[in-house]
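Both of the next two complexes hold chain A, though its partner changes from chain B to chain C.
== the complex of A and B ==
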């Protein structure tokens, strides 16, 4: 695979988690219609760590992921991403930080229909200011990694659900962000396809990324170093893998 | 599955000594089903009694006086029947967890939610361990062994889903537990 990793991204600064959430509360709406999506949740994700979030529908998983990546701001509590307290950042600074630090796979994928798959995947790098040719080369490399090497010139609407899912994952992987956030990235995939994707995420964690994965599937959660169970906006349980931690 | 049929399957590949059967049995079940040598010989003598295996005259005994066994024609028929017949769910051992949860639900003073949570964490941990085991199997590992670990992963996964289901059902108010 091509060596396109910018030297300023990996590895982590000494021991600090890539993202640290402390006492995070998120209330949607106000008054009688207020929804307490998260109630005082604290969670760290370190470099090299894969953390899975499980829990019933509506338990706050996507909300947690959005907050961790700076796509949303907490009602109360603190989110520190790569050493920066998000509360202290202007909207512009926040946008800059999350673009630079985090790669996302959204639950609804969010691919741009008017761009080809390769263009979609190259886009985050173009926004990074990388030259088009190089952005394209990087896109080609990650498309290969997710098994879409031949489909870069297609448009998202011309892919199967599983292929679209892989394209969205490729877009999150490109540029090797320190934090990877994936909301049900295996949703439309069969077990073999899902296994392949989870292996890619695992490899990224092993290479030093912090990965936060939302999944309903115990078999994918089991690849994580830690599994956090959410219920009604609270962490009710967490299970760490074996004796030897991944760090 | 029965050890009986497992041994017949191994013998269908050619005559074998008891210690070989034990090693091959464990290898093909990824050591998830340890057998002691006593079990192997007890099973072999029952198979012999039933005419499904016989002492292999060609091979005779090895220098330590151990006997080699071979499958008989009846043994092959029995093995074919076994492969052809689906395993009945009723033949499998009862599941302690199911019994425990059923008892927890009906026994006053038991915190069922806590029982479920504790089990879910434990099951997730074993699922994590199995996944790690699978990850460390290298490419040369026999397909049979991989499939055995896969099976344990699917079982643990099903248990996890069932626990989620139990939690959701019990959280729902009903006439019985409003």
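== the complex of A and C ==
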């Protein structure tokens, strides 16, 4: 698979990053039962950049992802997504932000089984009030970009795990969203399927998206422009694509 | 709800539709829960509409343009649209004796040129059947004539084609003694015994008086139908006119002495009944109760759906679905199911109504009116179905809008906001509703229903409080029950609707059960003692002497030799037609209601000393002496005036009554209530010019106590001889509402078990993580069964107990309707007995036992039986 080897280039953070997290603290619970999921984490992800987040279980990887996309709110600190401070937004505005600026991909069960692949991808656009036909057209276009142009009318159950994840990536990107948040997107796939998904993510980053990828697997982290290590809610290391040997 | 974009709603509806198709069993269940009540309501509405759609004509007009009657001397009368006529002085019109009716030629001459006229007559006749005499309505008209079309439908045999032939009504054939008038039988009609052979069976339209027999013209002479009568239409003509009969024609014919019933073709002054609005208002509580039931029934099913789809809701939220979006998606479920179920239900009801017509007609024995679909009513019912669907989906939709996507997607337990009920509001509603229910006793049943609805709404608000109390009690119970109770409280949002649904159904069932059981207990006045305890009576209204001979020997065969068979007779004309006797009594005449009178003797029995001893319940030498002297023995001496008793007599048919009978009498008070009013010796009857015909055979319990088995054999034998005689052994009767209670019990089982199982399934799904934990710490597989059984028990028991307690008050209130006057039972011996009008309250304990003990246990057993005992393996949860 050398032909799909990512280009060796350093991140070019010219201008504002897509998401900027500054001094973010997230505490679950209160008092003696309080759990510090994140402690003063700062992280920027720029357009065209694929950032991998690694770390042991409970290190705060998923919390970081949830905060970056506005699914959750920080206890302290600031998250700015495409120039908007999330702290100031109402739940309704956050939902709107998720429809227009950030897209999530999870480990599995990403798609609504009762909707076709194209309908799943079109869903955020339809929720945003885009006419059904246009939303469908946009979905078809994005599906083409992830290589699923022919499968739009299938139901998720008819697809392989890798195809399902590609559809989920398509849905996360539809409507020109620039931040793609992927939480262990390869976790439920075999090696080959996992490789395909990472390549798609790499391509989307190269095409201009900001991708934040949570993964356990060092070999996938190697496709990233930057790797952030979390432990006990803190960033312990951040290296610029320093995992060449693992590839 | 915030405004939604059209495409968002479309996406929501699409998700609902696809989900409905994916989980077909759940969808079918919800469709049934909303659709069946809609179907039932539409069916009843349509069928009732057809039943009520009969006209108010005095005579069914069929395809004729008009029906006319009249007599010379009626000229100058006026009439209303329905044919109610009055003369110039405002008195009713009827032909005076000697004032002949118009002839057919005279009528034709009065009508528009080219009119065709056929005679149609009706009257009440006594006729002899192979099983004895009976009295019935006879219509004499040519049913083959096109003008008769629409007034009948031949169901068996053929139409009469010649004088002396008749069809019998299907309604008459529905009765037990059908062979008396079945096709093939020849009846002898009237005093002249004119033979009429039954050649077929027909159903008659409900207009005027439905006939028992319809004879071919010429079978009975016109004057046998009595004098011309504008209201009875005793002798009339059906008119086929070349042009429609207008109101101007009616006025012209009235002036010439004809009363006209006609097909209405021109607009008449509206006389719409003013009760329509109040009818609608009265329907409101019933509609509200139905709506509440449907909402509570379907609500848990929607809640199951929401739970199963919580991941889907979380995904939509992650993709940018706002709470309003999520609510819309969940509400779309209610809209979709409401619309589809209502449409299917309405269609089902509309299709079923005409399909069921033959069955309804067969049961009723009459033709129903044409089917006009009451579209406005159907649309309203269907709309209510949609509203019920939306309301049922509302609570789960609100819960869906609060979905915490992070919690759901990471497998953490979702902690919804649980409301601890609304104890103050609930208490106020329950107190107010109960007070109103008590106050409503004896008033319109709609008030009772309304106040019961208020109580139920209060109880629904109180259910979470009951749940909390239950959990406190559960602290000492074994683990599965304790867990089930605590789990029920912790998930109040899920448990409360299920308990409320069970409770609402139980309230309805218990109140119907109590009211119905009480009505039956009251109705047992029909089983009021007809004879001394242990007496065997054979009564027959109007059997021939030959039939009585056969009945007598049949009874004798079954009795031991030497047991006296007492015979009671009643007065009759010389030709043997029974005469009803009006013996004065001191019961106030204005307050009576004749309930049953098997023989029709009126309390005057003709017989000997054995009969006297039977009715007085003792040997009385004075009374025997009086009977021998030819004096009537009167059991109530107060009615003897100046030593004489005056008895009026009336024949069964409209013939002229004979003059009253005034006889010197002796008053003898009976021991106890007495079993006749007057006893007369046969000689006295003969001396006064009357015959006496047998009306009753009695075995006096003082002579022989007839065993039940013997009475049963006698009844079977008599039944084979004639269906018109009644055999009765006087034993205490129990209310015969077993079938009613069984039906209620089955409905209770279906509703309570159905709702409990849906709610238990939901609870078991939600308790899965706890069961995983139990499994991990070593719980035996049967613990899972026990936990599910406990969850079912908590829901069913709480719902049933609260429902039974809440259902008693409306049931009692509905049953507590004192009759406006005391009932008067006319016994087989012709004596009237006052039955006090106090309402009886009877609690159907068997039904209540089933609800409180049986069904909760059954629900628990079912929960255990249908649970897979294999405990789930703990699943990996994402970090």
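FYI, the second predicted complex is superposed on the first by the 191 of 247 C-alpha atoms of A that agree within 3 Å, B and C clash if a C-alpha of one lies under 4 Å from a C-alpha of the other, contacts with A are read in each partner's own complex, and residues count from 1 in each chain.
Everything that follows uses one rule, which is that contacts are C-beta pairs under 8 Å (C-beta built on N, C-alpha and C of every residue); 3 or more make two chains touch, one makes a residue touch a chain.
Owing to the predicted nature of the structure, the values given are computational and were not obtained by experimental measurement.
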For A:186 in the superposed arrangement: first (chain B), second (chain C), both or neither?
neither
State whether A:140 touches chain B only (first), chain C only (second), both chains, or neither.
neither
So, A:106: does it touch chain B (first), chain C (second), both, or neither?
second
Looking at A:131, would you say it contacts chain B, chain C, both, or neither? Reply first, second, both or neither.
second
State whether A:165 touches chain B only (first), chain C only (second), both chains, or neither.
neither
Partner touching more residues of chain A, whether chain B or chain C:
C
If you stack the two complexes on chain A, which partner ends up touching A:98: first (chain B), second (chain C), both, or neither?
second
Just to be sure I follow: which residues of chain A are touched by chain B in one complex and then by chain C in the other one?
none
Chain A residues touching chain C - in the complex, by the definition given at the top:
57-58, 61-62, 66, 69, 71-72, 91-92, 95-100, 103-104, 106-107, 109-115, 119, 122-124, 126-132, 135, 171, 183-184
Along chain B, where are the residues that touch chain A in the complex?
117, 120-125, 127-132, 135, 153-154, 156-157, 160-161, 164, 167-168
Spell out the residues on chain A that touch chain B in their complex, using ranges where they run on.
56, 202, 217-219, 221-224, 227, 229, 236-242
Chain C residues touching chain A in their complex are 2, 5-8, 10-11, 14-15, 18-19, 21-22, 311-312, 315-325, 405-406, 409-410, 878-879
